[in-house]
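Shared between the two complexes below is chain A, which has chain B as its partner in the first and chain C in the second.
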Partner chain A sequence: MPEGKFCNKKPIDTAEGINELLSDTSGNNYYQEMKELDIDSDLLWKTIQNTCKSRTKTWLEICAHCGMCAESCFLYQVNGRDPKQVPAYKIQSTLGEIIKRKGKVDNQFMRDTMETAWSKCTCCNRCGTYCPHGIDTGIMFSYLRGLLYQQGFVPWELKIGAGMHRVYRAQMDVTDEDFVDTFEWMVEEYEDDYPGLTVPVDVENADIMYTVNAREVKHYPEDLAEAAILFHMAGENWTVPSKGWEQTSLAMFAGDWAACKMQVESVYEAMERLKPARMIGTECGHAHRATVIEGPYWAGRKNGQPPAESIHYVEWLAEALNTGKLKIDPSKRIKELVTLQDSCNYIRNHGLKKATRDIIKHIVEPGYFVEMSPNKEHNYCCGGGGGFNGIGLFRKQRNIALLTKRDQILATGAKLVLAPCHNCWDAIRDLEEEYEIGIRWSFLKPIVIKMLVIPEHLKPEE
Partner chain B sequence: MHDLLTGLFFWIALGVFLIGVLARLIMYFRGLSWQLDRVAYTSHPGAGFKGAVRSIYKWLIPFGTYGWRTQPFITIVFFGFHIGAVLIPLFLLGHNLFLQEKLGISFFTLNPCFADILTWTVVISAFFLILRRLVLPEVRIMTTLYDYFILGVAIAPFVTGLFARYQVGDYSFWLNMHIFCGEILLIAIPFTKLSHVFLFFASRAQLGMDFGIKRGGMKGTKMAW
Partner chain C sequence: MFKKILFATSATQASDHAARVAFNIAKNYQSSLNIFHVMGVPTRGYSQVVIDVKTKEEVAVDEDYTAWVTEEVRTYYEKHLDGSFEHTIDVAVGFPAREILRQAKTIKPDLILIGGSTGDEDESVYKKNSAGSTLQKVAKAAKCPVLVVNRPAASFWGGLSNIVFGTDFSKTSDKAFDFAMKVAKALDCEVNVFHAIDITPLHTGKILTQDEIEQQIRESLRKIRARYEPRLKELKAYSMDVAEGIPYMEIVKYARDNMADLIIMAHHSRKVVSDDTRLGGNVEQVIVRAGCPVISINK
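Now for the complex of A and B:
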């Protein structure tokens, strides 16, 4: 069977298509059909010839097979130091083989490669910083995912996720109306506590254009209200776009580069339409990577920059606290051992380690903050990055992956974990559910709100 | 035989090496693509240059990076091998005399006793590199015959050089073998995994530009290699 009803090489471009695939519970039929899916070897090889250029070719060629990357990979460590988890082995035995065989690989090989690409690498890029030759296996895995996606060998949830971006320009079926309505409704809910609280929609030339993660709209709407409250308290001139408000990209995890481009262009169009001084995204790691770090390249922007200066939420929060726009009541600071999860996507891959630590200085009583070990750009992935959290087929492997973070947290002795990243937040929630180590975890917004000094003129009337 | 090896063969080997290295370096940098690699190389040359230089020099220092520090054994073996492998061919007295005669140039000359120590260090380190490949599962799984072949090509000039140095058996035989192995090494460099001799710098520069431009360098954060 060349192309299945559920599992095939065609991207999903319609709401009906999404619903149809969703109706196949857990992708049972999807994965059955995958076993029969043909490989278009000519297309695969042609794509490689067009896109695998000197950087990747050189990486694969000069890899000395020295194994120094092994210890850098948390999945190698946590899976009993299985040599099959050595980053260099993982990429040489998948992408390396496909290239060696000029794309002539069979179905079983492609399914094994899919398992490696999505359950043995979270694209955290840590190994790239431990290789003497500067070989970044995480980047190659991301490239490999693109090849697999083209051939239809992609986990069910991510095929749906990429389709969501194509149809809704959001990672979930949240429409532009849903977004604006939910934001306005949430702000109304908090109006009494914070007089004058509004959500300015589509205001041109604002200082800040705020973008979010669609699941905040769907599952965690308080997060929207919290963002509004903090901008309000800081006296910011901010706005949200009614279109182009979604910063995330499951398409990036799926390797659907065309959908990545569609998604990020919707945000850039909003920037060009509203001309904000800056764009600020929510507390999400991969969303920042997709829209701010990688996005400009998908959109063909040669200078590698989005149309407006774009910063992560932690950069704004650090700035607001450092400049006194937001004031913390010292008596309300955190007075228990607390640790911080450094997100790979904006710490290792965008150098924002100082911003988060500046925030810590303001919100944690001196002496109570404990760093994880290792930390900053050398921190380990939460265990659920790169789409790993969301893939049912690889849930068992993901749960093993969480052990690294569990042990890192346990070693700090902290019972509270700050996790300014949706993916990390999920992984830490799941590790508590799975291993019950008695911890709490939180984004920064709710923590900061509780300890704010509210300016007189913004206080509710008694 | 000696005349042929130090004459025609020498010129061929040197020519293939130099042209090969140059051609591959040009091909490497021409093959970089800002859009496919997702690094805006030419838009931010200053940030890219800083990142590249840092990425190279940090890794040239023994124990200079987290990577080196976390694995002291391989670091010692690695530098033991590479320091000699780079210094001996260029700065040994005999090599300088030869270059003076052939090219009219010569470099700084190593103290002969120090040169002996370096050469032995190369050979002993190579032994440990092989041992690592045989013993450690995470290295063994990737090791192919080709890896041993490359190591063989790389250490053959050192082993034959030592035989000649200590005049074991027929000196002129070992000297000729030494020159022959050295020339094979030169020819192999541009076409095999030994291309890392120069592509190391290219690849490190590329990742350095990536971090210098895109992954934090322009945010004012230097990658803590």
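Now for the complex of A and C:
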């Protein structure tokens, strides 16, 4: 059976298709069928010839097998320093082999490669900063995922996730109406406490266009209210697009390049339509990577930039606190040991460490902030990055991967962890559930709201 | 009086007292009852897995699972669903408070009925991260009255004769009063208007002298008379009382001494939702402590 009913090379483009795949509980049949899936070696080799950047080929060739990257990879450390977890080995034995064999690989090889690509690398790019040749294995793994996706070797959840983006331009089945409706609902719920609170939809030439993570709309709408409250308190002229509001990209995790392009273009279209001065996304790491860092290339933008200046939520928050747009009541600052999870996607890969530290200075009583070790651009992945968190098939491996973060947190002695990234937040929640170390964790928005000095004219009348 | 009731339940023993009241009202008033159960809490990331609220296991929610849980809920309440009133059963995935509010937004009930603990009776990791309890959040944001049955109700709805209406003279309290009047007229029962003067130093900033307290009691009684008595006269029986102390304690005691079978109070949405029920506002305190059901009115 070359192409399965559930597992095949065809991307999902319809809501029915998504539901059908969802109905295959935990992807049981999907993975069964995957064992029979044929490889289109010609297509694979042709794709490599057309898309594999010379940089990647050079990297694969110049790797000196010196092993200096080994210790830099948290998965190597946490898996008993298994030589099979050395970054160079992981990529040479997968992408390297496919290229060497000009795409002539078999089913078992592809399934093993899938396991390596999604359970032995979170694309955290840490190893790349330690390799004397500057070889970035994380980047190569992202590329490898694209090849695997094309051949149908992709974890079940990610095939669904990429399909969601194709159908809904969002990572979940949230429609544009759902989005606007939910945002308005939240504002209505909170307007008693914050008079004048609104959600301006589709306002042109606003200073800020705000984009979110569909999960907030679906399950955690308080996040939307919190964002509105903070913009309102800061007196910002902001808006949300009724279309193109989803900043995240499971398509990126899945390696579905075409869907990556579709998704990010929907956001760029919103920018072009509304012409905001700046775009700000929610507290999400990979969403920033997808829309701000990688997106311009997917969309073929010549200047390598999104249509409007795009910044991460922490940059806006730091700015609002530094300029006094938002004021913190010093008596309400955090007065317990607290640590911070540096998200790889915008700290290591986009240099925003100063923004988060600035925020800390405002919201934590001096003397109570403890850095993890290592930290900033050297921080380890939360353990669930790159899609790892959500893949049922690799849950066991993911739970082992969480040990690094667990021990880092334990070493700080802090019981509160600030995690301004949806994915990191989840990994930390899971590690508490799995290892019960007695911690709490939070996004920044709810914490900041609790300690705001509310300007007189914005106070609710009694 | 209540055409449509949203009964949010854990479908476990924890909701049994609430269930009894829910079925009673539905029967007596021919209400249509929507039995609503939040079966699992989703993750922040994108996984399809949710944590089943009952078993605490990770489960994959799909159509089969949803159908199975719906059937479980039906079975749990089987003997009550005897056809004497209309009912529907819905299950959902999400954080209980948010999903109850979402359901209310969709079906627009006249009353939300909720057990003392709906889905968050334990100290699960999810609880720790959702500020405030299900109950607090629903009571704060709901657009219709919220009836909470936390402890075994002495008498059930239908055999209701004695309502305690606790007031703090706010606008929301006036709405709660309107509602109390409506219920009292429909059920032909007595309304006891009660106000508690907060004499805790935390509130007053000092220790009040007995003269000051008595002065305040007289003033409050005058206020009650002026504000409520004209309309109370429409009822067969009513009373008005004021006492000093810790407000929620006084209300609970007053309700007990008067053998009230329902307390109606305003919920003040301004109160910051606390992470800890024990520190919650007055209404939450009354709900947790009262021996009878409590209705909280918000808007």
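Following the convention adopted for this analysis, the second predicted complex is superposed on the first by the 462 of 462 C-alpha atoms of A that agree within 3 Å, B and C clash if a C-alpha of one lies under 4 Å from a C-alpha of the other, contacts with A are read in each partner's own complex, and residues count from 1 in each chain.
The definition used in the following text is that contacts are C-beta pairs under 8 Å (C-beta built on N, C-alpha and C of every residue); 3 or more make two chains touch, one makes a residue touch a chain.
None of these values were measured; they are calculated from a predicted model.
Participant: Return the chain, chain B or chain C, that is in touch with more residues of chain A.
Facilitator: Tallying touched residues of chain A, the top partner is B.
Participant: Determine, under the contact definition given at the top, whether A:59 touches first (chain B), second (chain C), both, or neither.
Facilitator: In the superposition, A:59 touches chain B alone.
Participant: Thinking of the overlay built on chain A, is A:51 touched by chain B (first), by chain C (second), by both, or by neither?
Facilitator: A:51 contacts chain B only, not chain C.
Participant: Would you sort A:390 into first (chain B), second (chain C), both or neither based on which partner it touches?
Facilitator: second
Participant: Is A:348 touching the first partner chain B, the second partner chain C, both, or neither of them?
Facilitator: A:348 sits against chain B, while chain C stays out of touch.
Participant: Once chain A of both complexes is superposed, is A:136 in touch with chain B (first), chain C (second), both, or neither?
Facilitator: first
Participant: Using the touch definition from the top, say if A:175 reaches chain B (first), chain C (second), both or neither.
Facilitator: neither
Participant: Going by the contact rule set out at the top, does A:67 touch chain B (first), chain C (second), both, or neither?
Facilitator: Touch status of A:67: first partner only.
Participant: Please give the residue numbers of chain A that touch chain B in the complex, ascending.
Facilitator: Counting only chain A, the residues touching chain B are 51, 53-55, 57-59, 61-62, 64-68, 70-72, 76, 81, 83-84, 86, 88-89, 92, 128-136, 293-294, 296-297, 300, 302-305, 348-354, 376-378.
Participant: Report the residues of chain A in contact with chain C in the complex, numbered from low to high.
Facilitator: Of all residues in chain A, those touching chain C are 22-23, 25-26, 157, 160-161, 171-172, 185, 189, 192-193, 215, 218-222, 250, 384, 387, 389-392, 422-423, 425-427, 429-430, 432-433, 440-442, 446, 450, 460, 462.
Participant: Could you pull out which chain B residues touch chain A in their complex?
Facilitator: Residues in contact with chain A: 27-40, 43-44, 55, 59, 66-68, 70-71, 74, 78, 132-133, 136-144, 147, 193, 195-196, 199-200, 202-204, 206-208, 210, 213-217, 219-221, 223-225.
Participant: Per the contact definition, I'd like the list of chain C residues that touch chain A in the complex.
Facilitator: So the residues of chain C in touch with chain A come to 42-49, 60, 62-65, 93-95, 98, 101, 105, 125, 128-129, 131, 141, 269-270, 272.
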